[in-house]
Amino acid sequence: MSEIVQSEPFVMNIGPQHPSTHGVFRVKATVDGERVVDAEMVLGYLHRSMEKLAEERTYTQNIPFTDRTDYLSSMSNNLGYCLAVEKLAGIEVPPRGQAIRVIMAELQRLASHCMGAGAFANDTGAWQTPIMWFMREREKILDIFEMTSGARLTCNYMRIGGVAFDLPDDFEEHVRALIGPLRETIADGEGLLSGNEIFLARARNVAVIPQELAVNASLSGPMLRGSGVAWDIRKADPYCGYEQYDFDIPIGYQGDAYDRFIVRLEEMRQSLRIVEQALEALPGGPHSTEVPLALRPPAGEAYARIESPRGELGYYLVSDEGPSPYRFHIRPPSLINLSVLKEMTVGGSIADAIVALGSIDIVVGEIDR
Amino acid sequence: MTRWWTGEELAEAAERLVPGSVARSTATACILEAEHAHEALRALRDDPETNFAHLSNLCGVDQWDRFEVVYHLQSLERNQVACAKVEAFDREEPSVASVVDIWHGAWIQESETYDLFGIRFEGHPNLQRILLWDGYPGHPLRKDFLAMPGGLQPGLNEFAGTAAKPEPPVRPVT
Amino acid sequence: MDNAGVQIAFWVLSILTLVAAGGVMVSRNLLHAVLFLIVAFIGVAGFFVLLSAEFIAMAQIVIYVGAIAVLILFAIVLTPQSIRDNSETAMVGPAILLGVALTAVFLFVIHDTTWATDATDPGLSASDLGRALLSTWVLPFEIASVLLTAALVGAIMLVRSETEESEDVPDADA
Amino acid sequence: MPTLVTDHWYDFRDLSNLSRVILEGIDKVAPYELAYIVAPIIGFVAAFVIFVLPSQLFVGVYGERRIIGRMQARKGPNRVGPFGLLQPVADALKLLQKEALTPTAADKTLMWAAPVFFVAPAVLLFAVIPFGPRMVFADVPAGLIFFIAVSGLPVLAAFIAGWSSNNKYSLFGAMRIVAMSISYEVPLVLVLLCVVVFTNTMSLPGIVEFQVDSNLWLIFMQPLAFVVYFIAVSAELNRTPTDIAEAESEIVAGYLTEYSGMKWGLFYGMDIGYALAAAAFASTIFLGGWSMWGLEQWVPPWLLFIAKTHLFYFVFIWTRGTLPRLRIDQLMGFAWKFLLPLAVFNLFLVSLERLWWNESDLGGGIVFIIMAINIPASAIAVYLWARFLGYKPERIPTRPRLVREAGGYVPVEDPAAGGQ
């Protein structure tokens, strides 16, 4: 009978200026009433051609660029890039430098997941409350970053061969003061949302990604783990001595938005465990090795990846023995996680599409670079 | 701990699965013959020993005389990573076979590579520029597209009114 | 019509209603026409208040403004062609003819009726209405409700899509 | 019940004395038509000065922001004036001087008219609310129907606003708000019908009198009606968790997307006005209005009434600060499949009880028996109906599985794979 009464699909732009796209990102959604029948994304509003610019700068000069890709987790980006250069040039990092890197990367993961989990709750309509709770804790983490590196958001702290400066004296005290309240905030956020019927109705069985699709679509990070794939580069391919620390990989049940949310919350708990252990066993010694400022790595290529808060963050560098990389490629987890956007949104309503987009936890700086 | 395959190991596996598919291999990567690359990559994904079910990274490299498309393949079950490359020699219209039908996640990275390098991926379902706008002159990550001020800026031709193409600078080719 | 306030209210409401009704006729935009219609409804509700029939006035607003006007608005917005102009049609002539005829009939009726203007309470309270509906007029009342239910079911049948028919109905939070 | 309230004009427990004295004075010196004009002015001024304006500014704007600020671990407005109390004034000044943009493709007349249509009913709504025993501006016999009728009008204004903006988000918001209000009006009116059947009157002062006489508020006699009313009215008013018509994260601001400046300010302010009106209406009907078991003899009844209204409004703020938002199909299903049958059940129950009350000779004490029946009956009805609709609490745990080693797929079906 439905051919008698027909509705007309029309295109609705979600973005580039939209509260839920978390930046200048646009989804051209073709909707039939409230139902999304097609979704096409339009990127590039924030494209700054970082890969091209990096080919004209020395290896060390490129570190600040990496801050500005995923601006919510600059430490992780620094780390990934430095690991790639170290792999290319064969540089060893002293143990203290590695431990500091681990602490910083995990604090950054906490800060980023605070934002990710909070923003996701905001996208489901929990108006500002969870994100404010998490932002409060994130502020403290950013204060620690400021104390250590002098900057809150774009830290530029890692260096090739270690880190830029040693930790300040009262660093440990501040981090320890952070851990307890953060645990409580995570529990509060979980208490407010995880068992909430409305939240379950909104996030459960929405934007489901089956395991096979998750692997086939090159997803990584909480997206992959939410689908029930036990994959964490910190465990699978440990860098910076992650094998010394005791932590678990949280994995979801069926790959819906809710699973990705609880995986993020649990990852925050695991990160806290790692930070505690790393603080406990913080070795002495130098924080960095001496590396020439105009580093000329031997000709060749290197691909190094880390588990950034959003997934597998890879840096592919090609050297021609020059002072600047011949090719500098970032594997952006946000961008590649977006490749299933259509599968996640088509067939659901607009509200579901927003939840799906929020559950990816995109950072547009990283998508467009 | 992840096992990082050397180029030779991957070449051996690829040769075993699809004979004649390997062009040569280096210490880190295995260069596949362009016409067999698609077949070989599919075989590498499906073979239980290689089991490269996860395409970790796909990007292009401009080597002046040729374009390389670099695939970092990853197996989650066997925890191993290998690097395969496919070369395209046509400078004006480089083209390689698309792997979207093998790995769904390749489409967004192939689109990006097409956008920035101008490498056409045959068989890609929806190959279009995703970062730059349609009609953008040139492909910025090519080495003859200069980024720094001082040189000409081909990308800004439409504003400057000069369409002169610069001579490619001489750079060592690895 | 005994004091100044009622007089003023009567004239204001009359002008409002008539102007709004005229607006319905001359407005080219269908949506504007509906909004004028709503104003006319509200004016008529005002007349009911002046006639001390508050319940009828409220019912007029609830039913005509709250339900029927919204329904018309929905129909207009959901029907693709009708957002456009309310264009000239060949029906203009007959419509004018019909309007003139109706006016004539109404004028005749108004002229011919003996208007009782005694001050007794019309007795149109809610309880009286309820009694009337459930005793004297119970059969028409029930028939009307059955008719409305049938219309509801028919409307649902019309817009129901094939995919939803297979779904399990009892699902509160779906 | 003997009343301590006197007829002296200075007895501030009943402000109607004062207005009566004023009106009588006017009547002596002027033609009596003037009293007709002065009386509504007094009513409006009193209602606005005592209730609407302070409530709107200091509870609706300032209080809501402060309370939500507390819930969100931040301070809220605290800069303008003492404790930030002048923030609403500053907001209003800002909105007044802000440019009210009109898109070129918009229907300009309607876009200007929509805020006006939106404001007018909000003023009318307070006319029938009894603030005290004699403090009701218009004692309409059908006050309840008046309230329902007038509170349905802003939906039209919102629809006009959304349609005239010529913006897809606005149109979405407009369609959603109309669909929502049509759906939720049905259970809302049905539960109010329950109230009317039970109290045997449609006038709001009458309903308050009923609650005073029976020494029991209707919320205890009809808890189910109260719950349905709260949910339905928060849906009608676009309050979280049902604020899909202006769902910020989905359709930007719904029908308000293209509005700015004071045009937007009118919508914002009157949204609060409607919420306050609904709260006042709810406290009149369900929370005993100005009565408080004799306390109204000592405390001014209108203060009690305002306190109850603000208490009810606080629940709105509370839900807004804590709950996520539902999807539109979930909300529609909830209205038609859940609330409507429950409202019909409640009507059936209440009608039976009313019949029994009419027949029996138990006197006024019967309301306590009815309360003892209705509270468990409501709980059981809600529980059983939810079960019948196939609802069951979520079985999947709220904590993810934990694995020690990376690599491979952990099957979804296997619950023993991870340890908690």
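As written, the chain order gives the labels A, B, C and D, with residue 1 at the start of each chain.
In this text, contacts are C-beta pairs under 8 Å (C-beta built on N, C-alpha and C of every residue); 3 or more make two chains touch, one makes a residue touch a chain.
Given the structure is predicted, the values throughout are model-derived calculations rather than measurements.
A.B. asks: Can you name the chains that touch subunit B as well as subunit D?
C.D. replies: A
A.B. asks: Just grab the chain with the largest centre-to-centre distance to subunit A, centres being mean Cα coordinates.
C.D. replies: Between subunit A and the rest, the longest centre separation is with C.
A.B. asks: May I ask which two chains are joined by the most contacting C-beta pairs?
C.D. replies: Chains A-D share more contact pairs than any other pair.
A.B. asks: How big is the gap, in whole Å, between where the Cα atoms of subunit C centre and where those of subunit D centre?
C.D. replies: Taking the mean C-alpha position of each chain, the two centres sit 27 Å apart.
A.B. asks: So how far apart, in whole Å, are subunit A and subunit B when each is placed at the average of its C-alpha atoms?
C.D. replies: It comes to 25 Å between the two C-alpha centres.
A.B. asks: Would you mind pulling out the distance in Å between where the CA atoms of subunit B average out and where those of subunit C do?
C.D. replies: 69
A.B. asks: Quick check: how many Å separate the C-alpha centres of subunit A and subunit C?
C.D. replies: Roughly 58 Å, centre to centre.
A.B. asks: What parts of subunit D, by residue number, touch at least two of the other chains?
C.D. replies: 329-330, 406-409 - these are the residues of subunit D that touch more than one other chain.
A.B. asks: Using the touch definition from the top, which residues of subunit A touch two or more other chains?
C.D. replies: Subunit A, residues with two or more chain partners: 197, 201, 215, 229, 231, 236.
A.B. asks: Of all residues in subunit C, which are in touch with two or more distinct other chains?
C.D. replies: Those would be 173.
A.B. asks: Within their complex, state which residues of subunit C touch subunit D.
C.D. replies: Spelled out, the residues of subunit C in touch with subunit D are 3-5, 29, 31-32, 35, 38, 54-55, 58-59, 61-62, 65-67, 69-70, 73-74, 77, 125-126, 168, 170-174.
A.B. asks: Spell out the part of subunit A that touches subunit D in their complex, as residue ranges.
C.D. replies: Where subunit A meets subunit D, its residues are 10, 12-13, 18-20, 34, 121-129, 132-133, 136, 190, 192-202, 204, 211, 215, 225, 228-233, 235-236, 248-255, 259, 262-263, 266, 349-352, 354, 358.
A.B. asks: Which bits of subunit D are touching subunit B when the two form their complex?
C.D. replies: Contacts found on subunit D: 406-409.
A.B. asks: Give the list of subunit D residues in touch with subunit C in this complex.
C.D. replies: 33, 36, 107, 109-110, 113, 140-142, 145-146, 148-150, 152-153, 155-156, 159-160, 163, 171, 174-175, 178, 182, 185, 202, 329-330, 333-334, 337-338, 386, 388-391
A.B. asks: For the complex, give me every residue of subunit D touching subunit A.
C.D. replies: It is residues 68, 71-74, 168-169, 172, 240-241, 243-244, 247-252, 320-330, 394, 396, 398-412, 418 of subunit D that touch subunit A.
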